[in-house]
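Here you go, one structure.
Letters A, B, C and D mark the chains as written, and numbering starts fresh at 1 in each.
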Amino acid sequence: MVNKTEKREIIARRVAQELQDGDVVNLGIGIPTRVVDYIPEDIDITLHSENGFVGLGPAPEPGKEDKDLINAGGEPVTIKKGGAFMNSAESFILVRGGHLDITVLGTLQVDEKGNIANWMIPGKFVPGMGGAMDLITGAQRVIVATEHTIKEDKPKILKECTLPLSGKGEVDLIVTEMGVMEVTGKGLVLKEYNPKFKLEYIKKKTEAELIFPADLQEMN
Amino acid sequence: MVNKTEKREIIARRVAQELQDGDVVNLGIGIPTRVVDYIPEDIDITLHSENGFVGLGPAPEPGKEDKDLINAGGEPVTIKKGGAFMNSAESFILVRGGHLDITVLGTLQVDEKGNIANWMIPGKFVPGMGGAMDLITGAQRVIVATEHTIKEDKPKILKECTLPLSGKGEVDLIVTEMGVMEVTGKGLVLKEYNPKFKLEYIKKKTEAELIFPADLQEMN
Amino acid sequence: MKESSFAEVVEQIEPGMTVMIGGFLAVGTPEKLITGMINKGIDNLTVIANETSYPDRGIGRLVVEKLVDKVIVSHIGTNPVSGKQMNNGELEVDLIPQGTLVERIRAGGAGLGGVLTPVGVGTKIAEGKEILQIKGEDYLLELPLRADVALLKAWKADRKGNLIYRKAARNFNPIMATAADKVLVEAEEIVEVGKIDPARVHTPGVYVDMVFAGGGDGE
Amino acid sequence: MKESSFAEVVEQIEPGMTVMIGGFLAVGTPEKLITGMINKGIDNLTVIANETSYPDRGIGRLVVEKLVDKVIVSHIGTNPVSGKQMNNGELEVDLIPQGTLVERIRAGGAGLGGVLTPVGVGTKIAEGKEILQIKGEDYLLELPLRADVALLKAWKADRKGNLIYRKAARNFNPIMATAADKVLVEAEEIVEVGKIDPARVHTPGVYVDMVFAGGGDGE
């Protein structure tokens, strides 16, 4: 078994491999934020922060925080050389207008039709969607980066989401500690699996119907 | 009779009296542009130039023209201290969103219902509307500054415009060399007249029905 | 003269008003104006803002003081008090996707009749809303938002009300500046007219009604 | 690397394309790109721009050279050749109110389904268009505009494609930067990354595909 820290590392590392030189990318809160640590040094990625800039850089040294420079999660950050500030309307022109190559988000549920639900559990947990619905609808490619199950047993990857949706049929790729799944017209294809898990076990922990292709690979 | 130069001066001078301290104003090409020469020195008016700034200033000294600083008519201008540049979308937020107090425009035709036609004569003269339709619809107050007739005899102030409209029921005030007319729910009220013209003559030169109020004043 | 005292500015805000407040998680939010509202107990407010920030910072403080009847925001998750009041029935919460929210405010300021966005199609957000099919795609008709007052936080203002926002503190501020009947600004610093380059202005002074110098710790 | 040669940039523009061109009466228009198009005889163009400027400057030169089949603009009055070609049936002219034109381009770049504007209601402009009644007011539904390429004129660009426009040369340029499949920029000067303050960028480099240094006589 892999522990929580290892899971998160596996997921973030694998998502980073999806990024290509020149991509404009928005990384959500949680596991997606950690993707930045695994981006190959030889490619140039521009990170978008929906509170109003591109060129998101690493956290500042302690004591060097700028009160007017946070990321969309409220943490102090820096802006890289060649970055640009913009207002919130301009920030969402970038998102909604298809100028964002990839958005990486966590989720509560995701399903084999590419539906995603990550903004509320009615009556229990209602944080709101923030910029997530715009990101899911607007980005060229939506990658869900999430642990495969809720607390080892409850499936997150469903036949059909039961929670209120954030976006309908928008998800392209799901990356978990167990594998990499692509949403296709035929259903959810397991493209890669983590050999630390047996295929039967992955199948059991996935409510959605998984298609095992002939060229199924091991996950790096 | 008054000659063309005198007419234009009478109109521009009278329109200037409509401006109040703090107003944001757009002056169209032709007679409206000349209004600026008659603004009282003790009031502060901000002029808007729809190509992308507020704080329009006077023409530069010869030789001091800036290639990137023109008004909406293409003439070299200056920007005043406290002015601000903006892009064209922002310029029309200002216009359409009701942030412009007054627009002053010339016209081909205007009528007693407040309709105005100033962008085309089908088959003859089709320059286009530029920003005029936005200005007419968006400004809090639309003032038409125009000679009373076309070439001494053909009425411009009509019962109903015959040319394609630029705006429907949007005109508030019409200022000509003969008088000042307000568009009201009851019709076109001659509020002031130029004593150089007989009332009968003004009536004859106006196709629209003119209402003569009890408190009809002489024009300054 | 647009420059005013702090007291004169707070005077403009009344109980029951719809208030837009700039900022994103308290960055770019006029904290002194919020303190002024709390000290005067200006209540029954409807607040339009990105989110309700934190219990001890920004807009969240108005929620904690129970001055707010309703929020129109994209998120309340960073302020547990908002969620608690929502569950108690003390706070009405209208959750709106962030890009739709800012575009609705822009439409309110731009004289547009609404926003046609693909965001929210096929979700709970679309319930009760008109859907227009344009070139084969579905778009939600989202209506413009306006407020009685907008409370903004600027870095520098000149005496004509021209504003510059600092770094990521820009966010919703310049959009809200266009969409309220009265625009009230807390600037870190007020400078003479002419000290701000016309090419650097984010909000032209023609949008601003009153500005006061609130100090701050900018660069 | 976004920086390209003049020839490489002109290479991107093909006969029959829909081309957005920045500028207002030739201020903020990439004159060298236009010369390049004329020299190569790139024809059958549809041009989206504010107006057709003058016969000897800006977009007007493309019209004079008969490279343009159709213009989508707010005005043609400053270029008598446009009017003449329109009357001859050589040039199709689609006249659009300026504020509607720029907002339609913005919608094209912002992923919005259209623009709901009160401008043009009750006029010839409304003919054949859908009218929506919202809160008792009528609004025209105007559709988004996009282009194959946008040709922009910047003052300064850095090597990542971040752009600053100078004074009133800003106009349509930053809006068009969002609404074309390929964005090509003539900058007066290209500077190193880091030389442009992120707070002063008008068009972030993420929108720009290619930029060349065209020189100029800026401040």
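The working rule: a contact is a pair of C-beta atoms (placed from the backbone, for glycine too) under 8 Å apart; a residue touches a chain by one contact, two chains touch by 3 or more.
What you are looking at is a predicted structure, and each value in this text was computed from that prediction instead of being measured.
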{"item": "Joint neighbours of subunit C and subunit B, given as chain labels", "value": "D"}
{"item": "Distance-maximising chain from subunit D - centres being C-alpha averages", "value": "A"}
{"item": "Inter-centroid spacing, subunit C versus subunit A (mean Cα positions, whole Å)", "value": "29"}
{"item": "Length of the line joining the C-alpha centres of subunit C and subunit D, rounded to whole Å", "value": "32"}
{"item": "Approximate Å spacing (C-alpha centroids) for the pair subunit A, subunit D", "value": "36"}
{"item": "Residues of subunit D whose C-beta touches two or more other chains", "value": "103, 106, 110-112, 117-118, 166-167, 198-199"}
{"item": "Residues of subunit A touching at least two other chains", "value": "53, 79, 85-86, 92, 96, 138"}
{"item": "Touch-based graph of the chains, sorted into line, ring, star, complete or other", "value": "other"}
{"item": "Which chain pairs touch, all of them", "value": "A-C, A-D, B-C, B-D, C-D"}
{"item": "Touching residues (chain side subunit C, partner subunit D) in the complex", "value": "103, 107, 110-118, 132, 134-135, 137, 139, 141, 143, 166-167, 198-200"}
{"item": "Touching residues on subunit D, where the partner in the complex is subunit A", "value": "106, 109-112, 158-160, 162, 178-179, 193-194, 196, 198-199, 201, 204-207"}
{"item": "Complex interface listing, subunit A residues touching subunit C", "value": "49-53, 66-70, 72, 74, 79, 85-89, 91-92, 95-96, 119-120, 126-134, 137-138, 164-169"}
{"item": "Interface residues, subunit D side, partner subunit B - complex", "value": "24-28, 50-51, 73-78, 83, 86, 93, 95, 97-100, 102-103, 106, 117-125, 155, 166-175, 202, 217-219"}
{"item": "Subunit A residues within the subunit D interface of the complex", "value": "24, 46, 48, 53-55, 79, 81-86, 92-94, 96-99, 138"}
